[in-house]
Amino acid sequence: MSFTMKESLSAVLVADDSAARLIIWHVRLPRILSGGLVGSCLALSGCILQGVMRNYLASPSTIGVTSGASFVGYITLVVFPSLFYLLPIGAIAGAFLTTLIIYAIAYEKGVSPVKMILSGMAIAAVFGAFNDIIRSFFPDRIANATGFLVGSLNGVAWKNFSLILPYALVGIVICFFLPSKMNVLMLGDEMANALGVRTERFRFFLIVISSLLAGAAISVSGLINFVGLIVPHIAKLLIGSDYKYLFPTSIALGYSLVVICDTLGRIILPVGEISVSIVISFVGAPFFLYLLRNKQTA
Amino acid sequence: MYFGFENVSISYGKKKIVQDVTIDFPKGKTTTIIGANGCGKTSLLKTISRAVHPETGKVVFNNRPIGHYKPKALAKKIAYLPQIHESPSDISVRTLISYGRYPYRKFGKGLSEQDHEIIDKTICLTGLDHLQDRTLNNLSGGERQRAWIAMTICQEPEILILDEPITYLDIGYQLEVMELIRTLGAQLNITIIMVLHDINLAARYSHHILSIKDKQIYACGEPRHVITEDKLLDIFNIHSQIHEDHRNTCPFIIPEKK
Amino acid sequence: DNVLTSSQNNNTDVVQSENEVADVAEVSPIKRQLLKSADEVQITETEVIFKDDSGRDVITIQKNPQKVAVLYGSHACLWKEAGGDIKIGIGGKGAEALYKDQIGHNFLEDEGVVTIAKSSSAKTWDIEAILAEQPDLIICSTAMNGYSTLSAPAEAANIPVIAITYSGVGDYLKWFKVFCNINSKPELWDSIANKTVDDIAHIIESAPVENTPKVLSILPKTDAVSANLAASDMGVIIEQLHAINVVDDLAEDLSSVRVDINLETMLATNPDMIFVQCIGSEEEARELMDSHFLDNPVWNSLEAVKNNKIYYMPKRLFHNRPNREYNESYKMMFELLYPEIEL
Amino acid sequence: MSFTMKESLSAVLVADDSAARLIIWHVRLPRILSGGLVGSCLALSGCILQGVMRNYLASPSTIGVTSGASFVGYITLVVFPSLFYLLPIGAIAGAFLTTLIIYAIAYEKGVSPVKMILSGMAIAAVFGAFNDIIRSFFPDRIANATGFLVGSLNGVAWKNFSLILPYALVGIVICFFLPSKMNVLMLGDEMANALGVRTERFRFFLIVISSLLAGAAISVSGLINFVGLIVPHIAKLLIGSDYKYLFPTSIALGYSLVVICDTLGRIILPVGEISVSIVISFVGAPFFLYLLRNKQTA
Amino acid sequence: MYFGFENVSISYGKKKIVQDVTIDFPKGKTTTIIGANGCGKTSLLKTISRAVHPETGKVVFNNRPIGHYKPKALAKKIAYLPQIHESPSDISVRTLISYGRYPYRKFGKGLSEQDHEIIDKTICLTGLDHLQDRTLNNLSGGERQRAWIAMTICQEPEILILDEPITYLDIGYQLEVMELIRTLGAQLNITIIMVLHDINLAARYSHHILSIKDKQIYACGEPRHVITEDKLLDIFNIHSQIHEDHRNTCPFIIPEKK
């Protein structure tokens, strides 16, 4: 449906019963706003993790956050379907708890990123297996829940926006206050320690933050893994690895990529829509490949 | 004690590296640690950056164990350049140097006017003017090493710790770095502690030389007293001709095989 | 016994051909259409010859198998309805509920059927257990890797396999005909299927062609709501009953069964009625709908919602394959669409 | 079902119609033999890739091989369901073609492992999106193909064995002839060049081999991702990173892990069985975590 | 030409590093390349290992461009130790050294009796006996460097190329490595080409010294002719006292700041 500029403006400002108000205010606006924030949170989460883990393949899914969130999501949906309204909180809690478990496993006089990522992969496999088991044993119900695996912003409303907003604000705070500390961390633990960073504590803080960011995003949109992995790389290819620029670029790119792709997915079919995660893969991947081929990599 | 080790022992697993070492580094002086490969020089310095935890004993600064200081407060006083350091490849020399100002940054503030001045001064001091906008991965080994040294100097420390700082440098820059260190030491009264393998430069630019052998401090004192034929034989298992460098008023050696 | 069987067979063949002759004369095009797939099945004295959904050209199955394995819930019900006996089957909550619902009892327990898995997914079958029972016919679904998992071992053991994909009443009629004849009970086909076909044809014929309601059929999932298009089971019924499926016009070029849709489209098309397909219980479907639309002003502004015309369609008739109750599905849909018309 | 020693022996040797013959010869034996080889091929593939890519997260799925194979698998099953018997060849071809595409994208005066893995992730995302699209638009048919995603050895027959055997033999050849070359490659390209290895060519060879190994395994069992990622790590934790020992250990561990887990999955339930990929996650992941915690990592 | 560069130019992107350099390294002699940081020493050597492709010109061995040789055949003749090398961390010193035998391996064969003998001999020569079973990550920087040198020696090359081989070594081992190199050169008639920053060791252990400046060969010849005050001023921008080391019959210098 398309509206004139005037209709749109009045839809945002005036709370009447018009179709424009209904659609623009209640459907489109929360969707665009929360979708963008989902993108920003995922991109920021991936950006932080790739730095902290010193591995360009790190992303929320590599440290098990995604699988923790989706596992709790599954359990909620399949075993206690009447508690569906707890899903968002469940996903965030799942992400957070998984992170703590993995941290505990990998910890031993400081945490080694290698161990942490590998533990994350192992835990993810276990959760994945649980999900598979659930799927085999509750095949009917789970048909409901498979949607969780393909991220989509359909039906996202103001309540989702208010759920993700605080996390997005945290992200902005990080953007403003942490780049220099992050840059210093990239010089290696010894150098960073010598410059006054409590590396162990800072790393823990970052991991927790990024798991919360990812958990919040997943709870709103389901899995859009690709954003957390690829957006930080695109940002890096575009503006280099100084976090002063890398954080804001990732956030902005994550925001716009999700909003643009979601809009495409909404209008591309005559009826119905294509999930944002699918469109992102089709749009983002070739763009990324183009950059990768034509720019120097780190 | 101003700054030093108090009864420090270090082991890796069951392997003892140094045992019960106590050193008080004299304030405002340059002390060079020498010793054979693997004798524990780097390990000792790593206890200062807390990359290695001493088994017993502690590192003391101004009579308090360094663990009692806030990390940033300590970082304003003590700068440390490890022997081997990783670098993000695509940052510019200037950016790397600016990281030395990290401990001075206020939460949420960028670099101040003053920070930029200090960075400029350091770049000038270390002869990196023409390289300051190049990224690290495009530099030769020696150029990169100078950028790192510049970063630590930029920290304006009271104590500067350098582990083999002139590795990879050509002789011109070796001399320049040593001169720089001497200048910093003399003008700003900075206490400098470094590890060097070049005995001649050590003898010429240090107030004190400290040698480690068999898990212990083997000798410690003015260059003239440590750089002797006997002692070098003990420490490095080499003979040597010891001459006098009259111009620089220090001994210099020509090492000879056994 | 043998003699009796073969004479019955002869009998059927005659009846069959008579039927066919009669069909040509008087059967309506609607009925013709419904029976299209079923008519392709050939029956001889000892064998039933047809095409299944495994990709094989044709398969020929001997009549009267003694030990049959049916590895998919709704196929099992259809087999039972066609007078067959099952020796090997699958259990699990979903399947057992289906058996109770469609056959009236859980024959697994009641008849001592060997259960080889708790779901229809081929990943969880115990192939060894199936083979060890040495069945002389296996019926499975092409879904969940059923056929591809079973084909090689069954071939090695010389056991014939029928692989089935089925949706809609046409497929029902085809498979019911195949099953009845394999079981040598063509009379069941006559008595049950003919009634179903007649009923459905009658219902379709009774549906008005003009001024029919605009409807939307949806499947709520956890994070999205899909609209059933013309190719879906419910979409077929809606179309045959001449109601206007509001998404079909928009989706002419789409060959898919359903698409995710958003509130914007719902508001734009503003259907008179909304049919909700329930995967699980109606309870669960209501919860899901609430999770999407409760207190949503856009949803509440829809005509169908204002007029309270949201219908939760029973799983038995509109999600599972209703088999011989297909006429009930049509009937229920008809009554909802055209309450003013008496059937 | 259990058989006596004698029954089993005669089942293997005498081609009669007995139940023992049917079950042992036609069902169990091909399943155990091919299952083991699937494990070996995946483990070897992962082991090679982790070395060549210098990334401990590399595995057949990181360079897109898995997604290429499963994409072709999907297409076969969904668009040409009657050609399902071509699936194994399709999967191998898909794996191989994807590898070539990614190689071409990442190539530019020699291939950079970073670029290659990143391209692999991007291509994997595109294929994944295609699969999602197919899944949304052919939901009924796809029920056929979803099974592909949870690896299982149920129904594996002699024809599968003969499909994977040649690849397994290639693996053995690699084990015997390449460890020293591989070790030298690990010293870095410059050093390896100086020692007489044509690094660029050797790396291409290894990548192709490992994609074929993974493709063959996937075509037999579907996805058992975890083996390719985790077995090489377990091997490394157990015996260090000298490929002279690492190759054979990976192969042996891959073989036994799959066979043991498949057997467990077959007997653990009173009725029915659990897919091998699920059991592997439950058995392999904790074992791996235990090792990770108690041994030094590389 | 036995071995050397013929009209080699190297650039990175638009940046020219060396231009039209021709060098013929004398067979059986030791040639040391000196020059300021970033003058292109490493880049030149990298053209030999084909890590860098010369823009024009070629590297020649026995009158044929090295590209015409099979890599393994070349590896039996020319060994090369890069300036910076990565190491897998958990292999033992002995294993690392054994990799030097790679070019000699027959396809599918393990190490021969003879290989093991050569490895033992090399370990003995390089004083690594007590470290041979330790893994690389447990070694000090200097110990590690020696293991790498041992590996190249194990290659039994006709030409040995070393880029800053004594970086990280203590003076005892520096001397030992240089002596080892001299012995290898003299006894086995190996042609040695290396980059050193230590002018004194270069002067003492080389037959020829080659210095690079401004993209060109600046001076080339016997140490006595290259190590002069003027030339050092030009190359490194330092003054120097040049003395005579009578015992080793070579010049030695004491560098002085400008």
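The first chain written gets the first letter, and so on, giving A, B, C, D and E; residue counts start at 1 in each chain.
Just so we're on the same page, contacts are C-beta pairs under 8 Å (C-beta built on N, C-alpha and C of every residue); 3 or more make two chains touch, one makes a residue touch a chain.
Protein names from UniProt, one per chain: A, D = Iron ABC transporter permease; B, E = ABC transporter ATP-binding protein.
Quick caveat, the model's predicted, so the values are computed rather than measured.
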(request) Please indicate which chain is farthest from subunit E, where distance is taken between mean Cα coordinates of the chains. (result) C
(request) With chain centres defined as mean CA positions, report which chain is farthest from subunit B. (result) C
(request) Please compute the C-alpha centroid of subunit D (Iron ABC transporter permease), do the same for subunit E, then give the distance between them in whole Å. (result) 44
(request) Report, in whole Å, the distance between the mean C-alpha point of subunit A (Iron ABC transporter permease) and the mean C-alpha point of subunit D (Iron ABC transporter permease). (result) 30
(request) Could you give the separation in Å between the centres of subunit A (Iron ABC transporter permease) and subunit E, each centre being the mean of its C-alpha atoms? (result) 51
(request) Any chance you could list the residues of subunit A (Iron ABC transporter permease) touching two or more other chains? (result) 136, 274-275, 298
(request) Can you tell me which residues of subunit B touch two or more of the remaining chains? (result) none
(message) Using the touch definition from the top, which residues of subunit C touch two or more other chains?
(response) 118-119, 121, 123-124, 254, 259-260
(request) Just spell out which pairs of chains touch, all of them. (result) A-B, A-C, A-D, B-E, C-D, D-E
(request) Sort out for me which residues of subunit B touch subunit A (Iron ABC transporter permease) in the complex. (result) 46, 49-51, 53, 70-76, 78-82, 85-91, 95, 99-100, 102-103, 105, 107-108, 155
(message) Which residues of subunit E touch subunit B once you look at their complex with the stated criterion?
(response) 12, 34-38, 42, 83-84, 138-143, 146, 164, 167-176, 179, 197-200, 232, 236-238, 241, 243, 245, 247-248, 252, 254-257
(message) Using the touch definition from the top, list the residues of subunit D (Iron ABC transporter permease) that touch subunit E in their complex.
(response) 176-177, 180-181, 183-184, 186-191, 193-198, 240-242, 296, 298
(message) Under the definition above, what is the set of subunit D (Iron ABC transporter permease) residues touching subunit A (Iron ABC transporter permease) in their complex?
(response) 55-57, 62, 105-106, 108, 112, 114-115, 117-119, 121-123, 125-126, 128-129, 132-133, 135-136, 150, 225-226, 229-230, 233, 274-275, 277-282, 284-286, 288-289, 292-293, 297-298
(message) Show me the residue ranges of subunit A (Iron ABC transporter permease) that touch subunit C in the complex, using the header's touch definition.
(response) 1, 17, 19, 22-23, 26-28, 77, 81-82, 84-85, 87, 136-137, 139-141, 143-148, 152, 154-155, 157, 222, 266, 269-275
